[in-house]
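Two complexes are shown next, each including chain A; its partner changes from chain B in the first to chain C in the second.
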Partner chain A sequence: MPVSFLNLKMTEQTPLRKSSLISDQEAENITRVEELAYEIKVQEVMTPNPITMTTSMKMREVLEQFRVARISGAPIVEEGQLIGIISIEDLIRCLIKADLEAEIQKYMTHNPFTVKGDDPVVEALKMFVSTKVGRLPVINKEGQLIGILTKGDITRGLLKALQQDYQTEEVRRYRASHLFEDIESERTSLILRYNIKAGDFTHGGEASSKIKRALSRMGASPQIARRCGIATYEAEMNLIIHTTEGGVIRVEIEPHQISIDVYDSGPGIQDVELAMKPGYSTASEKVRELGFGAGMGLVNISRCVDIMKLESVWGKGTRLRMKIFLKKEDTVGEGHAAKSLEEK
Partner chain B sequence: MKLNEIVQKLNGKVLHSKINLDAEVKGAGGADLMSDVLASIQPQAILLTGLCNPQVVRTAMMADVLAIVLVRGKTPPVETVQLAEKEHIPLISTPFGMFEACGILYQAGLSCLERPVSDQDCFAS
Partner chain C sequence: MMNLEQVIQALDLKVLTEQKPFNEILPTTGYAADLLSCVMTGASRGGLWVTLQAHSNIVAVAALLELSAIIITEGAQPDEATIQKANEQGVVLLSSQQDTYRVVGRLWELGIR
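For the complex of A and B:
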């Protein structure tokens, strides 16, 4: 169970939490730490080019190296290949026996556990737990030593990544949610445009995902973002399924309303009234296999938006206009959402 | 119920690593028709489905679905797994069929997060 284990590990190591109570905010961070442990590679957090020892060295030299460089362990390399590791514990065993003139070979650990540079950090964490070693030599695909890794390196690396991550999203969210605040005009709006290709099922829903994300960043409530996402997604799939040349999704975001305009240049709808009827569809078997084409798309859209207008001329094209009105507490781009969060 | 309990109960296989098995699941819904999912599933539910194409992941994103469970032991195409991984939507495959998988979770006390879609909407003439 790598994930829960990681939770435990981070609680032990990071001085982040003072109390034993974990707030939602912190719980969110833990989740991200888990993700990061899978995303970040060992080579990104390890100490590169560590001090190394050779087999020709005596234990006295090891002691001297440890003292001068203030380290507590070092890998032993022979012709570029890692052959062992020596740690302060080995040195202590040697000191107890007053055996400082001994060869390094006598006290070193042969064939130590290693991790690969392109392994995710979580692999290293698992190895630290199963082997109980304090440091792991990091090797590349050819088996050559490229660095050394301690648990401290991992903690530092994760915290750094977490902080970067958090700041980037915070800055983005802050900027976007205050977009309209300092701009004065009679009527300010932000327009997003997306070109949708006919028959491009692979990218179906990409534009809607981007729209939904943009709205969330601008401070839209989860409900508003969801309603907009569902409505544009159904409309986007309609463009992909039914048009000959594809079409355009245009979203105009204003503090008090979101207007979505979806238009194409053909083939148009023969009977608009019939098209609006739940269960009516002209979709092909292929489209139905994708889970669409049951004649529910337009019905779903009308459930999600406040105003919906469908116009079409057979042979010319179709235009679907939708509007979602935002209540005062739901307004986007003016920092209100952010403010109400602060008050909590 | 936590997501990892659901994986265990369904003898499930987790299909990518961007998954938080400690996430709390409030309920579930089952559907093969994506428009039904969009119309009826409540936020933070897990979705049991027999569909494997990338559209399932997109639908899940739009409807704030917490995790997708693919029934009947289906292996989805690479594009589906990649998209789910990119968008951090947990993707789980279970050998059980739709009926059995839903039954197991329902018996284990998971509640239904499907909102009925009114008759009027479906059979309007």
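For the complex of A and C:
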């Protein structure tokens, strides 16, 4: 059920609270709020230990309590158990009748709607919508009152959680993008390694997504991140489709270039030149049914990188080395490699 | 220019992933193929992708290319894990009962070219 109580807009992406996976596309914040509504528990956002009333009180005392504490409603508790709720609306009804000496029992709501402390916030939201009440007493498993919840509490709680998300990602981005400035050496580089299992279609594309995300965080331009993502995706799928024991993707990031090294231990490519031909593929029928084996993988890679070297020994293994240059003057359009191939 | 909400309405598409403000998503163009590497080559950023493929690998392709949505044709149903992956990666999955030819024809008529 989509919960559209809030229409929050934030310009930056926000990571998930638990898995810290960020979507590659623009974060859709209303969706994030929905997620939070399911993740956050009522007791995290409620006002704990609220002011309570007892059945022995008169409406005059309720008025006084509301005025002093600046509240507009309070639960009524007898021996630790919640038995009712009194709100400003009840007080108004009483005032109209000039009935301030009446017992609280006369105006309070008996057996009010409640929520449990460990319910997700979304349950409370649903109840606010269906019952139209302004506040909900929060009880524990034993039925004892532990807090009170208003829609305002939920809004504040969600905003706080969103801000936390936002700050975490901001810090991550800041740290990543300043990595090369903060660390001094003759030549600083960051190396990412991914082990790819043969035949693991379920996780196909995960390494390349992570590489792309890492580059974005480090402040690479969207074009560079995309080119690197496509090149590593094709290489990753090649490891999954063609190798006997999987292989490794190694990405070395330097301020001026990204070097990608993909290697495996077999079976190797019988005819490298043929493998580079658009449309040529050795993929099995089964793999082709999944939409792989178009014979465009290596061609796609060559379009995305500036330098590409493919070496393979049949029976031993394959090594694919690629470079993407980060300075504009070093690159031509979508990358050099396709050009140099055409010239051959 | 058509937004994704209008496309969903006009083609009577089923939304398989989480709701989003679809009216803010403006598909720039489209691409139709079932071979993933062809999509890698041919599909443009922000475009729609029409395909018969419904397995989990389409999600990674759409995420890497930053496509606006995937329209899965002929009622092919991706599994739960695929839909979950799509939600995590912010990829929109839509489903049509019609075949790719007809879906592309309608999109073309709507002015997505």
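Assume the second predicted complex is superposed on the first by the 196 of 344 C-alpha atoms of A that agree within 3 Å, B and C clash if a C-alpha of one lies under 4 Å from a C-alpha of the other, contacts with A are read in each partner's own complex, and residues count from 1 in each chain.
Criterion: a contact is a pair of C-beta atoms (placed from the backbone, for glycine too) under 8 Å apart; a residue touches a chain by one contact, two chains touch by 3 or more.
Everything numeric here is computed off the predicted structure, so don't read it as measured data.
Trainee: Just to be sure I read the superposition right, which of the two partners does A:Lys151 touch: chain B = first, chain C = second, or both, or neither?
Mentor: Neither chain B nor chain C is touched by A:Lys151.
Trainee: Which partner does A:Tyr38 reach: the first (chain B), the second (chain C), both, or neither?
Mentor: first
Trainee: Considering only touches as defined above, state whether A:Ala294 meets chain B (first), chain C (second), both or neither.
Mentor: Both: A:Ala294 reaches chain B and chain C.
Trainee: Would you check which partner chain A:His178 touches, where first means chain B only, second means chain C only, and both and neither mean what they say?
Mentor: neither
Trainee: May I ask you to decide whether A:His242 touches chain B, chain C, both, or neither, giving the answer as first, second, both or neither?
Mentor: So A:His242 meets neither chain B nor chain C here.
Trainee: Counting only touches as set out at the top, which of chain B and chain C does A:Lys277 meet: first, second, both, neither?
Mentor: The first partner, chain B, only.
Trainee: Common interface residues of chain A with chain B and chain C?
Mentor: Shared contact residues on chain A: 31, 34, 201-202, 204-206, 208-209, 212, 226, 229-230, 233-234, 237, 290-292, 294, 296-297, 299-300, 303.
Trainee: Please name which positions on chain A make contact with chain B in the complex.
Mentor: 1, 3-4, 7, 31, 34-35, 38, 120, 201-202, 204-206, 208-209, 212, 222, 226, 229-230, 233-234, 237, 277-279, 290-292, 294, 296-297, 299-300, 303
Trainee: Touching residues of chain A toward chain C in the complex: what are they?
Mentor: By the definition above, chain A touches chain C via 2, 16, 19, 21, 23-28, 30-31, 34, 201-202, 204-206, 208-209, 212, 226, 229-230, 233-234, 237, 290-297, 299-300, 303.
Trainee: Chain A touches which residues of chain C in the complex?
Mentor: 18-21, 34-38, 40-41, 45, 51, 53, 55-61, 63-66, 81, 88-91
Trainee: Give the list of chain B residues in touch with chain A in this complex.
Mentor: Checking each residue of chain B against chain A gives 4, 17-23, 32-39, 43, 49, 51, 53-56, 58-59, 61-64, 79, 87-88, 121-125.
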